[in-house]
């Protein structure tokens, strides 16, 4: 129990700036303000369960899962390379990895359009080679590309920071004992990097679930995603109650899933996620 | 040999992917046309005009100032908190972790509006201060999620050994623990910076009159067309960061060489 | 240790940087005017001119959409003295008692505003607002890709142009033009008419390349699509960049939009705000603004000063006959939920 008090400033911060605002959102989701009176209602939650909105949830979850998986597949090897000892100026390379994200999101996305459009740079280049490309912009693939692009650093960096400090002696011991590289990876490296992987997945999956500007700009806004729907409620229709209910359901869903994941992990490792 | 070649190729591939749009953005900052749709000629004029645009210049200052301050404060609070979280009772820990996910999970609009309501409720005058608080709030989870895996990896006995050998807790922390978790702290700081620089919605709702960041300025421009002045500003920002990195890198290699020589 | 110290130092530095920024420019005695406007929607020298002439300091901020601005003001998060929202937002703000009535004795230059643009549906007795810029919604098309005459919204439902049509990703505008295509009012609350519009939008969906926002002008300039629904302001800009483009207001009528200057009750400087509105209506200033922004000005004298090719361009200044059947968007209040639902249904197919 010693030193747990160190988390208290954070706890206080979170209570003021996350829990209280959250309570406000919860409040909006269960009340209806009409003719000066405030009434309790479950109408907003009932509406969330209508098939049309469930479809929106499902589509968003699907796209978020695909993007997160691709980020992991692309990001893990990259993190390993960044962490490998051959590189002398690792920290510089790591910084170079996030700098593109410091260029404004809108400007970056417009630049992607310039690349992917029908008359864009990539299509023009392939046309010169005599290759006709299919439409690159405004597909589900483009949305996933956009998400992978924007969230990849959030997968690579936490994995990298864990990999970089894995005790080299452990790896050498495994190799000395005759384990082939694949086994070393599966049995030693990967399990040791799991905390980083978990962090990465959380930092990619959650924003991917609620982002909508990417799907609007690169996907041609053919489909409403959950983030989109929530934004619409808060701004266009000004139905804060329904918007709040949507986000409360989203939160419950994720927290419950995380809870199960935690318990599952506990049974396996006896250690909890962290 | 083949393996290292493969590694190199993969690194180049990923970096090309990350930098392709940035290159486009920089190239188009020299485009004469106001539209990004076609190239009409080479010009430097956007670089000159950008310095005359007071909206862009002040919002650039605020962006950098708030990004630096909020990510540093978040890194400090977050790192300390992460250490505490490790020692929390399991039930409390999982509650605190669930709380940590909320700012990551919530759509920006929900975070932005709910924080705005809170500041109004508390009668905080909106401005730099509230925007800074908001940024710290959404930066914190990224720091904690970066530092925690490192702490989990850390061997607790090292710290205890240092204490046994007579080190003060503070000395043991800075000399033993900190170097071990520093990659995580660094990662958390970088991610926090990234989130802060790029945030539009939450900043929009938590700021007050006279204070706006670059993202707000850029999104507001969208209706009339995002001006190439913005491309110029971003290109210049990019160039300065890279330049800074090169200087740091140079100094680091020089220091390393000196160290090696003395050894 | 060095690391900790160094980072503390940088934090302090950053905070001083911000504080010094806040500190500077707050000349205590000068009266202040807080203006909230769309991005890049005023000639910066107009602001300078006003500051010089009246010795009032202008704090100028920008917003990206009506909705975001409204949400912020409504919650009480911005004590601005001047806002420049669009018509339907103004209507809503009037209904919710968020705006001051203007004292037109303090705004003598109001006489220069074209009487066609006074007393419109969003402010029937013209007590709250002074028009700033105006325009229409129409079809922007590429003459190289569309060989036939374009004069009806129906062309957006023509299979010939499959995947060459850009619609607006905006609930009111997209449903609005569909209602116009069906020859209904774009402010309808009738379930039957809205149902028809929904069916039409679902039928149209496979033909649509994308539902776009502000990026539509670049798309059309670059020849990415044949037809697009656009605001006239975007059309003026796009036509200048690509001469193959033409803009038309369909014969069924369209949406007539206004951005007007209003004084919210949240502000504290009504006198200065009225001074500012009057300044904006000075002929020279209105001309400067119209020239800089490139949208159509409602100021009679300023329009006369503009170059001929601009005034004769029907994109910016359509004849009265082009505007027959056009309507101003009204605030739908409770019925907005129906529109929202339709849009979600269209977008979930």
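We call the chains A, B and C, going by the order they appear; numbering starts again at 1 in every chain.
Simple rule for what comes next: a residue touches a chain if its C-beta (ideal position, glycine included) is under 8 Å from a C-beta of that chain, and two chains touch if they have at least 3 such contacts.
Values in this document were obtained by computation on a predicted structure and should not be read as measured data.
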Chain contact graph, described as a line, ring, star, complete graph or other shape: complete
Most widely separated chain from subunit B, with each centre as the mean of CA atoms: C
Pair joined by the larger number of C-beta contacts - B-C, A-C: B-C
Cα-centroid distance, subunit A relative to subunit B, in whole angstrom: 16
Subunit A and subunit C: spacing of chain centres that average the CA atoms, whole Å: 34
Residues of subunit A whose C-beta touches two or more other chains: 110, 113, 234-235
Interface hub residues of subunit C, defined as touching at least two other chains: 68, 71, 213, 215, 218-219, 222
Set of subunit B residues in contact with two or more other chains: 36, 113, 117, 219, 222
Residues of subunit B touching subunit A in the complex: 4, 7, 10-11, 14-15, 17-22, 24-25, 28, 36, 77-78, 80-90, 93-94, 96-111, 113-115, 117-118, 121, 133-134, 136-137, 140, 142, 144-146, 148-153, 180, 183-184, 186-187, 190-191, 193-194, 197-198, 200, 214-215, 218-219, 222, 226, 230-231, 234, 237-238, 241-242, 245, 248-249, 252-253
List of subunit B residues in touch with subunit C within their complex: 33-38, 53-55, 58, 61-62, 64-66, 68-69, 72-73, 75-76, 113, 116-117, 119-120, 126-128, 132, 174-175, 178, 182, 204-205, 208-212, 216-217, 219-225, 227
Complex contacts: residues of subunit C adjacent to subunit A: 65, 67-68, 71, 163, 169, 171, 205, 208-213, 215, 218-219, 222-224, 336-337, 339-341, 343-345, 347-348
For the subunit C and subunit B complex, residues of the former touching the latter: 1, 3-4, 7-8, 10-11, 13-15, 17-19, 21-22, 34, 36, 38-41, 44, 59-64, 68, 71-72, 75-80, 213-215, 217-219, 221-222, 233, 237-238, 241-242, 293
List of subunit A residues in touch with subunit B within their complex: 1-11, 13-14, 16-22, 24-25, 74, 77-78, 81, 84, 86, 88-89, 91-92, 94-115, 121, 149, 152-154, 157-158, 160-162, 164-166, 192, 195-196, 198-199, 202-203, 206-207, 209-210, 212, 226-227, 230-231, 234-235, 240, 243-244, 247, 250-251, 254-255, 258-259, 262, 272-274
